[in-house]
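Chain nomenclature is as follows: A, B, C and D, assigned in order of appearance, with residue numbering initiated at 1 for each chain independently.
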Amino acid sequence: MPRPFRLVSIEEKPERTLVKAGSCVFGGEIVPVIAGPCAVEDEALYLATAEVLASLGVSMLRGGVFKPRTSPYAFQGYGDNGLAVLRQARSLTGLPVVTEITDVRQVEEASEAVDMLQVGSRNMHNFALLREVARAGLPVLLKRGFAATIEEWLLAAEYMLAEGNGDVVLCERGIRTFEPATRNTLDISAVPVVKSLSHLPVIVDPSHASGSWRLVGPLALAAVAAGADGLMIEVHPHPNRALCDGEQSLTVERFTALLSDMKKVAEAVSRRV
Amino acid sequence: MPRPFRLVSIEEKPERTLVKAGSCVFGGEIVPVIAGPCAVEDEALYLATAEVLASLGVSMLRGGVFKPRTSPYAFQGYGDNGLAVLRQARSLTGLPVVTEITDVRQVEEASEAVDMLQVGSRNMHNFALLREVARAGLPVLLKRGFAATIEEWLLAAEYMLAEGNGDVVLCERGIRTFEPATRNTLDISAVPVVKSLSHLPVIVDPSHASGSWRLVGPLALAAVAAGADGLMIEVHPHPNRALCDGEQSLTVERFTALLSDMKKVAEAVSRRV
Amino acid sequence: MPRPFRLVSIEEKPERTLVKAGSCVFGGEIVPVIAGPCAVEDEALYLATAEVLASLGVSMLRGGVFKPRTSPYAFQGYGDNGLAVLRQARSLTGLPVVTEITDVRQVEEASEAVDMLQVGSRNMHNFALLREVARAGLPVLLKRGFAATIEEWLLAAEYMLAEGNGDVVLCERGIRTFEPATRNTLDISAVPVVKSLSHLPVIVDPSHASGSWRLVGPLALAAVAAGADGLMIEVHPHPNRALCDGEQSLTVERFTALLSDMKKVAEAVSRRV
Amino acid sequence: MPRPFRLVSIEEKPERTLVKAGSCVFGGEIVPVIAGPCAVEDEALYLATAEVLASLGVSMLRGGVFKPRTSPYAFQGYGDNGLAVLRQARSLTGLPVVTEITDVRQVEEASEAVDMLQVGSRNMHNFALLREVARAGLPVLLKRGFAATIEEWLLAAEYMLAEGNGDVVLCERGIRTFEPATRNTLDISAVPVVKSLSHLPVIVDPSHASGSWRLVGPLALAAVAAGADGLMIEVHPHPNRALCDGEQSLTVERFTALLSDMKKVAEAVSRRV
């Protein structure tokens, strides 16, 4: 059966793509770890967390400032003020920063503050946003829609490559199934399936997939073993006080221990964390 | 368990909401039928079809001009030229017109050309679009995300009511399941469930749900019997030549026969088509 | 694509099959209604209920005596004692009776007490049971597995026809999806899809599909409108006291009203209840 | 919320259960690998394969003799003749053997030929079989139903423990979702979730989960990293000639390489293969 995508396909480009966002490289021997709280909630707290994460050797900082929330009454993020905090964090730590864009009108301003733009799961089918984000020229982190097939996900990336932006990193973050024990079902098979179809790097977000910090460790190790080109993990100094997704955030202590385990598994599969 | 939505809930407003879009009223004794091709593809053809549908007594015309397509290489709609055709169709037939908006930057122009704005299934979680469409002041047709729970769908409507626009019509169009025999699985239960939770009207789109014109008739009759407040049906004079979704479009002849059957079932449940 | 089933297919036998179980006929103009409590719990209560249902004109009685329960600690049915009650109910009312078989060792004894054997949703893939039930010579009610595709369901029926038993009635009872508002998602499309592929009758069980008596009415009417060849509905004189599935059982009063509505919808689609 | 299971719960028995089947132990530091063809198809071929697998150090042999097949026209297994072959393989290699039971009437004979009885995915809700298999006194491999929640799976194990058989090993083998790129979606999260709820060992079958030998390697490594207490892998000397599931079988060469990789990942998480 002919495949519906072209530019993202491994037939079109057999060598694997390396995507660089500042000092962070996706798709090579090193498996970068993106870490940070779900949302930028407080300037001092975010900066302190960023410094700790930098000292632990993470490759990129995450922090949401435009939050897509199911309810209009939930915390929606700090918007432009949050971007300023991200800019400070970048300058303080020297680490690149990624943030999610939810509206075409945010692209310009956000592009000046961060090193990588994220399209979230709920917007994977928002084709206007895909195009506009691609045109910004920054590398893009494209999360899989929680009910998107792998083919649809690759077609969403195709929208970006067709705009001339080849720096797309795919991120598996769980799909919706009948199983209620986890918030989503991490589709770990997506890692080798994507690698067999496309030259683009694929990373895994075990925090959103599981919705529970207790599961983040085993799933992160599984992702490394399965060949993931990176991990995106929520870390919060005080998960109980988080305004958003505290239940799935690791404390700094647990994250530090996990990093050590990830290094071992990465070596076992000839990679490095 | 307390419900996460407020303004859309039947506890907040026990009497059922009537949503008016031009001469068409959703939520009353009459069950309006929205009909037309999936996309506006050709001016003459669209206008001719519109006249035929008007003569058959449909309540509203549909026609896509901004098409969200999974592949960047698929027909993406005629955009602004399409809006001009819709405006002509409205003036020719006197019928109200609904079209889908996929980008916040389309809202202003589209609002001048049509009577109702549609947010499609892929954009149900696009909260920026929900807000902007709500602010346009026109009644809104809010399709259910193909993997959205009923609660999430009502929360998407809540975004609109929270913007001050109470004229929201919900549209069930099938959900994604493991069953491959239909494009989506029409969740017919959503009709009585929504009516038990919310005062908003709920209609059904059997064309997108099934993906096959052969199934549209039985599903349309089921929707009327289950209490749907309207139907949205794809009709194309020459389905074989359609640029988009021809497989699920009824011919005018089949649609005419279905309308007659729908009238009978509507009477059986004390409604009128 | 060639279809994997043969004997059940409409290509093999274009005329529709009529399945007779005592005085009840599935597949013809009349749409039979099977009614009764989920389980036989009390002899006097079951017989009294059976008499009321007979006076209302139902076509067949249902009553579970071997109950497949997710937990080993839940009520498992009255087994052989229950069969004796079913036999009494049949003789008292003159109505045919259907009961579910969960073990090949129950087939012989049950076959002498009832007029139709049911294979439940959890056992649709229990091929040993399919064969043994088919060999009993009674007509069979084959429920769809809650995660079975329509093709797999027809192949389960094929097992029975391949054993020489052509008297198989298919029963759609909801599939498992991500939607938590209903116990299962009634796949109403399965009715016209099955009718397009097979000559076998297909009926609908809105009680198990929805898990809520509030939804049974609208879904039963939808099933009739969509062309179902029968309905299976749980009715209990005192749902609050039921040992099993009381939440989804209609009271006799509500069932009586629903029968009246079903008659009207049936007439609208040229059938009779 | 109180949990519906008792005997399988970690609250009831905090120390982890070790399940022994011959020389093979599940639940300890060592991660056993069960390997073999999907079905016993040919005596000489099966025995030759068994010897090779034994020489590679696998812990247990698998081989289906009673095959549950979706179509009545597919190869159904060699039944009793197959049991004789399994008995020979056991005596030839000294390895324990596991086979699937699909009918209560097979339990007695099979129990004399093998060391562990398997209940397959399609029969996880076949409660009569669960009870009868438990009573045989052998350790049991209980596969997760392809649409069973983790809670239902643990309740199926509870049926066995309630019969007095505590030697139950759980096996995750993929669940049914909307994603068509894999035969099922391996729910890797089930491993840590089960370990947080139950004292029973949990293993993973990446062959049935993925349906493709290309994915078996990455998924097997992911399972070890996530903490699985064993692996079940299909190996066939000539996958192209297999009567059943050849597409998902590894050749001996590929399996040998995978074993070497699994050893490294196991060490990284302080286990041994």
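The rule is short, and it goes like this: a contact is a pair of C-beta atoms (placed from the backbone, for glycine too) under 8 Å apart; a residue touches a chain by one contact, two chains touch by 3 or more.
Quick caveat, the model's predicted, so the values are computed rather than measured.
Ranking C-D and B-C by contacting C-beta pairs places B-C first. Taking CA atoms, the transformation carrying chain A onto chain D includes a rotation by 180°, reported to the nearest 5. With centres defined by CA atoms alone, the chain at the far end from chain C is A. Between chain B and chain C the centroid-to-centroid distance comes to 34 Å (mean Cα coordinates, whole Å).
Of all residues in chain A, those touching 2 or more other chains are 147, 176-178, 180, listed in ascending order.
Interface of chain C with chain A (complex): residues 147, 176-178, 180. Chain C contributes residues 147, 149-151, 175, 177-182, 185-193, 196, 209-210, 214-215, 217-219, 221-227, 261, 264-265, 267-269 to its touches with chain B in the complex.
Remark: chain B residues 4-6, 68-73, 102-105, 122-123, 125-129, 145-147, 152, 155, 158-159, 162, 176 touch chain A in the complex.
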